[in-house]
Amino acid sequence: MTDVFAVSDNILSPLGMTSAENFERLKEGVSGIRLQEDKSISDEPFYAALFDLKMDEELAASIPLSRNFTKFERLLIASVRQALAGSGVDPADPGTALIISTTKGNISLLEAAEPVPDLTTNIALHTSAKKVAGYFQFVSQPLVVSNACISGSLGIITGMRLIRSGRYRHAVIAGADLISKFVLSGFQSFQAVSPEPCRPFDKDRLGISLGEGAATLILSGNKALIRGASIKVAGGSTGNDANHISGPSRTGQELGTIIQKALGESGVTAEDIDHISAHGTATPYNDEMEAKAIFLTGMSRTPVNSLKGYYGHTLGAAGLIESIITIASMKEDLVIPTMGFRKLGVTVPIHVAQSFLPTKLEHCLKTASGFGGCNAALVFSKLNASYTA
Amino acid sequence: MNKEKYIISSCSISPAGVRKDGSLLYDRDDRPLGDFLLSLYTHSGMDYPKFYKMDRLSKLGWLASEILLKDATWIKELLPEEVGIVLSNAHASLDTDIKYLATTKEFPSPAVFVYTLPNIMIGEISIRNNFKGENGFFIFDRFDAGFLEQYVSCLIDEGHLRSCICGWVDVGEEDYRAALFLVAGDPPDSAAPPGHPGLLFTKTNMDKIFMEDTL
Amino acid sequence: MNIYIRSAASISPQPAFGDDPLSAKPAIPIGNRLRAIEPDYSSFIDPKQIRRMSRIVKMGVAAAHACLREAGETMPGAIVTGTAYGCLEDTGIFLSRLIEQQEEMLSPTSFIQSTHNTVGAQIALMLQCTNYNNTFVHRGFSFESALLDAMMLLWEGAATTVLAGSVDEITDSSHAILERFGLYRRRFPPIAGEGAAFFLLAGEPTDNDYAQLEGLHTFYRPHSIGEVEDQIRDFLSARSLTMEDIDLVLSGGHPTAPIFKDKECIGFKHGSGEYPTASSFALAYAASILRAEKTIHKRILIYNHYLDIHHSLMLVSKC
Amino acid sequence: MTSNKYTKAPVYVAGLGVISAIGSNVAECLDALEHERPGMGEIDTLDTLHRKQFPVAGVKAGNEELAASLGVPPGVSRTALLSLIAAKEALASSGLEGRSSWRIGMVSANTVGGMDKTEHFFKSFLEDPKKGRLKDVVGHECGSITEWVADRLGIHAYTTTINTACSSSANALYFAARLIRHGILDVVLAGGTDALTKFTLNGFNTLMILDKEYCIPFDEDRRGLNLGEGAGYTVLVSQQVADSLQKAPVCRLTGFCNRNDAYHQTASSPDGKGSYLAMQGALESGGLQPSDIDYINLHGTGTQNNDLAEGTAIQRLFDPRYPKMSSTKSFTGHTLGASGGIEAVFSALSVQRDLIYPNLRFRTPMKELPFTPETRLIKNIPVKHVLSNSFGFGGNCSSLIFSKL
């Protein structure tokens, strides 16, 4: 089976404009979550990691004809542009796929005070995907994944599968989501938004903090494109709890099954996993379910982190941002601690990383879960010595 | 060489009517979608109180899946994680997005908000049937049978799934259309109705059914 | 006042007339039934709407659109439709469900669209046309009534253009019933037909008109062929014409009547099949012949009868 | 509007005939209208599941009785029987009899033809396509109803049938008047007919616009319509014919207009655009001002949608001086293809006899409208011009104006 390599990436977040910048901020222990007082989003102040105006202006200035693009599309373009630069992957190659992951895309158009012309067309996710594809002159038709909070992870899994099946040689997977009144009010209506910066897996966790961000991961079946330490996407799986549309499984069994399938596909066992980058949204139910799945699959001693304390929950971008940080961690053999975590607050024993943990990272697991009962698991593996030049 | 895969069954729902395996079950119906779905539900003698709280997109997909799976008793013999759902559409959850936004003027409704994601429909079908296999929701400007053939074949070939419900479920501003396909790699004997030609799972066959059924 | 046929469009079992209507491909019956060749409706109708329409509505709306498109007219001064049977398919569906489901859990769609004026209404709806709209449902005179209404509107100056036409469909049920009536046993040609034809009529000529409509006349249950011939002679002489002035007859019956002797006479029902509004096909045929560049014909008489009950005459000439 | 010889010639109403749930002829109907006797009751001519559920305004006689009164064999569609009864009365009252030299035509309307018989046929036909009595579908077509009646009356010069749903027979009068103005005919029997059928009863039931009680048109608490049946005909004549009659005509038909709402297949636009255009056009064609209208015989079906749309259009056209109004569907129910004909007869009588009919059971004004319909019969105030509205599925909106001689 074709190996699929992670050859280039970008994270565009309130913490920085490149993956490297982002990873540096994490190493400095900086979180993007702030108390936000934007009245256009919420009457009450709330905690979230949002782009400031300056960042958007910079983005706008850097994209020709940026007026033709929405903020959501500008984020995608800026992130894809960064990731493509020097990657050796050519959008004009019909063998290059473009996959866009998002949950709500241009939803803010719906909130606009003035009626937006051609609203239905402009708000459609495939429209944004076509605009981004057109900007880079992708030849292949772009693919949009919109599968709640596993969208980013599912984008990577889909890219991996399309390369393995021989349909494409490269896949550019870009994800983004913005926090609008629509999204925030929805999570607030669920009483799911934490009144303080979120605290994944913590005993006193009170819910999520939302975040904005975009990220791009470029996968390729061509190992010649690998730069630096080489990471492959070894396996991935998705599935459904078949339990409840807005609450996760009580047992974690389903996520456990998905994890095992991903491990099996990657040819590794639970013991081989050196680190787990969990979804860890800091809602009571999600973290409990994930902990149970980790426990059930025999990885209670594997260092687990959640990056939500730095980025907030970036929805459709989360799987991508967190996978890219995991890849960076593997390259530096460094587990990033779980910001906001103090004391374990789940009913099964798992090892939540609380401080920087320098350790050899050969195989890492990334999990994600979302509304609709969906789960995803991805395994990243460092290449065998034989692959490295 | 990968094994052949078959469309064991198909179901379509649109204003042009409701069809199962090509034959018309319900006539053309141009009532507003909500009224039509409720009538289809009542008509079919289904009893699933959760139906009433679903949004229109989920109702549409769920009803199509119920009709699709009606005689597929063999599917119960598969493990939950061997059956997956891969769906697509053009409008994502726009229909409900608009409704949710209206509720925010007064009191944001969590019951509506949860349906502002198109994959909730996958959750509803999964809960009903205890399907726990692969999930995927993709957005295209139009029905892309080529992608479905590619992606679902890959899921079956690589051993992720033995059977998959795939297709298109879309609720636009004035229109709706659902076309679901029940796909399996090695259909048990009981799967194919007598005289069923064993339609191959191909882009061409899906396109043909999609066009003939819903236009 | 003269009436001009600015454009004509038809959907019929006969393939498109093309540049040389007199040698167009013939229609091919299946058994004793000719089915209209339906176009790709998506070039006339929004696909969202197509799914909501029955076959007869699609045929009517598409023919109307094609006709308007050709004339470059977006807002006709009136819409007048003729249909003998109306929306049979939906009538049949609603009636069947009513009986099968014993009056319970019926869907309104087929009832709503069973109304005879559905085609005219859908055309108005699509054009957002609030002008005069009428539907005639008088058996073999349905189209002729619509045509007379259109002509009167133009004479009155109530409209400068009128979209007039007709549409009828065969369904399996209607065909089975008409067959039991012996309709296709007794009469010539013994083939059931269907179709739609629409015309944009105007009181003022333009450079691109298909033809000029010089006259229309209907008569009911003539006692003999002789009476038919008298009617034809009177119709022509009222316009100071005789059979000498006619160089082609399109006949929907009695093609061997003595009055047609020595005339080029073509039976048009080979292309349309027999149905109550088949005369609209003949008018579209005649208009297309007169418009064709190489035509030698100047003036065409259309004679039709439906079941020997409803007889009509139309006189069309080259502009 | 352009004015030419075809738009100016006067058209007279010389005869009237009607049969409905409130009476089998003009005199009986007038008596019921004057004494506030509605015609609704339990369904008795249809074998239907909805018998107890919805009141209908049926003609109080079975088919055999109707056929016998006409001296025709039984087995004919009820639609045709009702038509012939009213048509005969209209011709008889016109003072035309014995004058066969005129070119006499018939323009009739109905919406479902011989559906009452087709329903019987189809039941057997569905079981076996070889079954079902063909005699029952001979009169299925709308046009064959008119033809049967015209044949009985010896009318051959010109006959046609119009079906624009519930506005059908108003359009029949309109078309007939134009045939006279164009000099194509001298006399036209114009109106419409429809019988109760399971088809229409169930059809309107699927639309959820049938009232389970007696309908209350233009009331804030209106719940829907009651179906009715019947037929109504006028005899329209040219000036030349009118001059030759032994007695004075009933009134003149002075204004008419047909417009389309172009909004929805079954629903009226909220602002009643089509209704407004039809009423306005009718006034214009008659050379009249809104203030000339003394009474509006409303379409007033009693559905939420119609009454609001019609009322809004009336407000726009007539504000602030409203004529008296009422919906006689509160007596006759909604007789579909016959309603324009029946109401044309009532409107002509209103002009002739200075009568304004009550809108039965009205209690609460609609909150959207500044006017209310009349609740009591009004006599002896001069009624010079009456506007009669008929609106239907497919957005068809037609208005007629009847004027004193």
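Which chain is which? They are A, B, C and D, in the order written, and residues in each are numbered from 1.
Throughout what follows, a residue touches a chain if its C-beta (ideal position, glycine included) is under 8 Å from a C-beta of that chain, and two chains touch if they have at least 3 such contacts.
Bear in mind the structure is a predicted one, so any value in this text is a computation, not a measurement.
Asks: What's the fewest number of moves from chain A to chain D, given that each move must go to a chain touching the current one?
Replies: Graph distance in the chain contact network comes out at 3.
Asks: So which chain ends up closest to the centre of the protein, judged by Cα positions averaged per chain?
Replies: Minimum centroid-to-centroid distance belongs to B.
Asks: I want to compare two interfaces, B-C and C-D. Which one has more contacting C-beta pairs?
Replies: Higher C-beta contact count between the two pairs: C-D.
Asks: Quick one: report the Å distance separating chain B from chain C, using the average Cα coordinate of each chain.
Replies: Going by mean C-alpha positions, chain B sits 43 Å from chain C.
Asks: For chain A versus chain C, what separation do you get between their C-alpha means, in angstrom?
Replies: Centre separation, chain A to chain C: 63 Å.
Asks: Any idea how many Å lie between the Cα centroids of chain C and chain D?
Replies: For chain C versus chain D, the centre distance works out to 29 Å.
Asks: Report the inter-centroid distance (CA atoms only) between chain B and chain D in whole Å.
Replies: 49
Asks: What residues in chain B touch two or more of the other chains?
Replies: Expected reply: 172.
Asks: Would you give the residues of chain C that are in contact with at least 2 other chains, written as numbers and ranges?
Replies: Chain C, residues with two or more chain partners: 107-108, 112-113.
Asks: Specify the contact topology among the chains shown, as one of line, ring, star, complete or other.
Replies: line
Asks: I'd like to see which chains touch which, written out pair by pair.
Replies: Inter-chain contacts occur between A-B, B-C, C-D.
Asks: Which residues, counting only chain A, touch chain B once they are in their complex?
Replies: It is residues 103-105, 107, 110-111, 120, 123-127, 129-130, 141, 143-148, 150, 154, 158, 161-162, 164-165, 167, 181-182, 185-190, 237-246, 254, 257, 261, 265, 370-374 of chain A that touch chain B.
Asks: Going by the contact rule at the top, pick out the chain C residues touching chain D in the complex.
Replies: 79, 84-86, 91, 94-96, 98-100, 102-104, 106-108, 111-118, 120-122, 124-125, 127-139, 141-142, 145, 148-149, 152, 155-158, 173, 176-177, 180-181, 218, 220-221
Asks: Which part of chain D faces chain C closely enough to touch in the complex?
Replies: So the residues of chain D touching chain C come out as 1-2, 4, 6-7, 48-50, 111, 113, 118-119, 122-123, 125-126, 129-130, 134, 137, 141-144, 146-147, 156, 158-165, 171, 175, 178-179, 182, 184, 198-199, 202-203, 205-207, 258-266, 273-274, 277, 392-396.
Asks: Show which residues of chain B lie in contact with chain A when the two form their complex.
Replies: It is residues 80-81, 84-85, 90-92, 94, 97-98, 100-101, 104, 107-110, 113-114, 116-124, 126-127, 129-141, 144, 147, 150-151, 153-155, 157-158, 160, 172-173 of chain B that touch chain A.
Asks: Under the touch definition given earlier, write down the residues of chain B that touch chain C in their complex.
Replies: Interface residues on chain B, with respect to chain C: 14-16, 26-31, 36, 39, 42-43, 172, 174-175, 177, 214-215.
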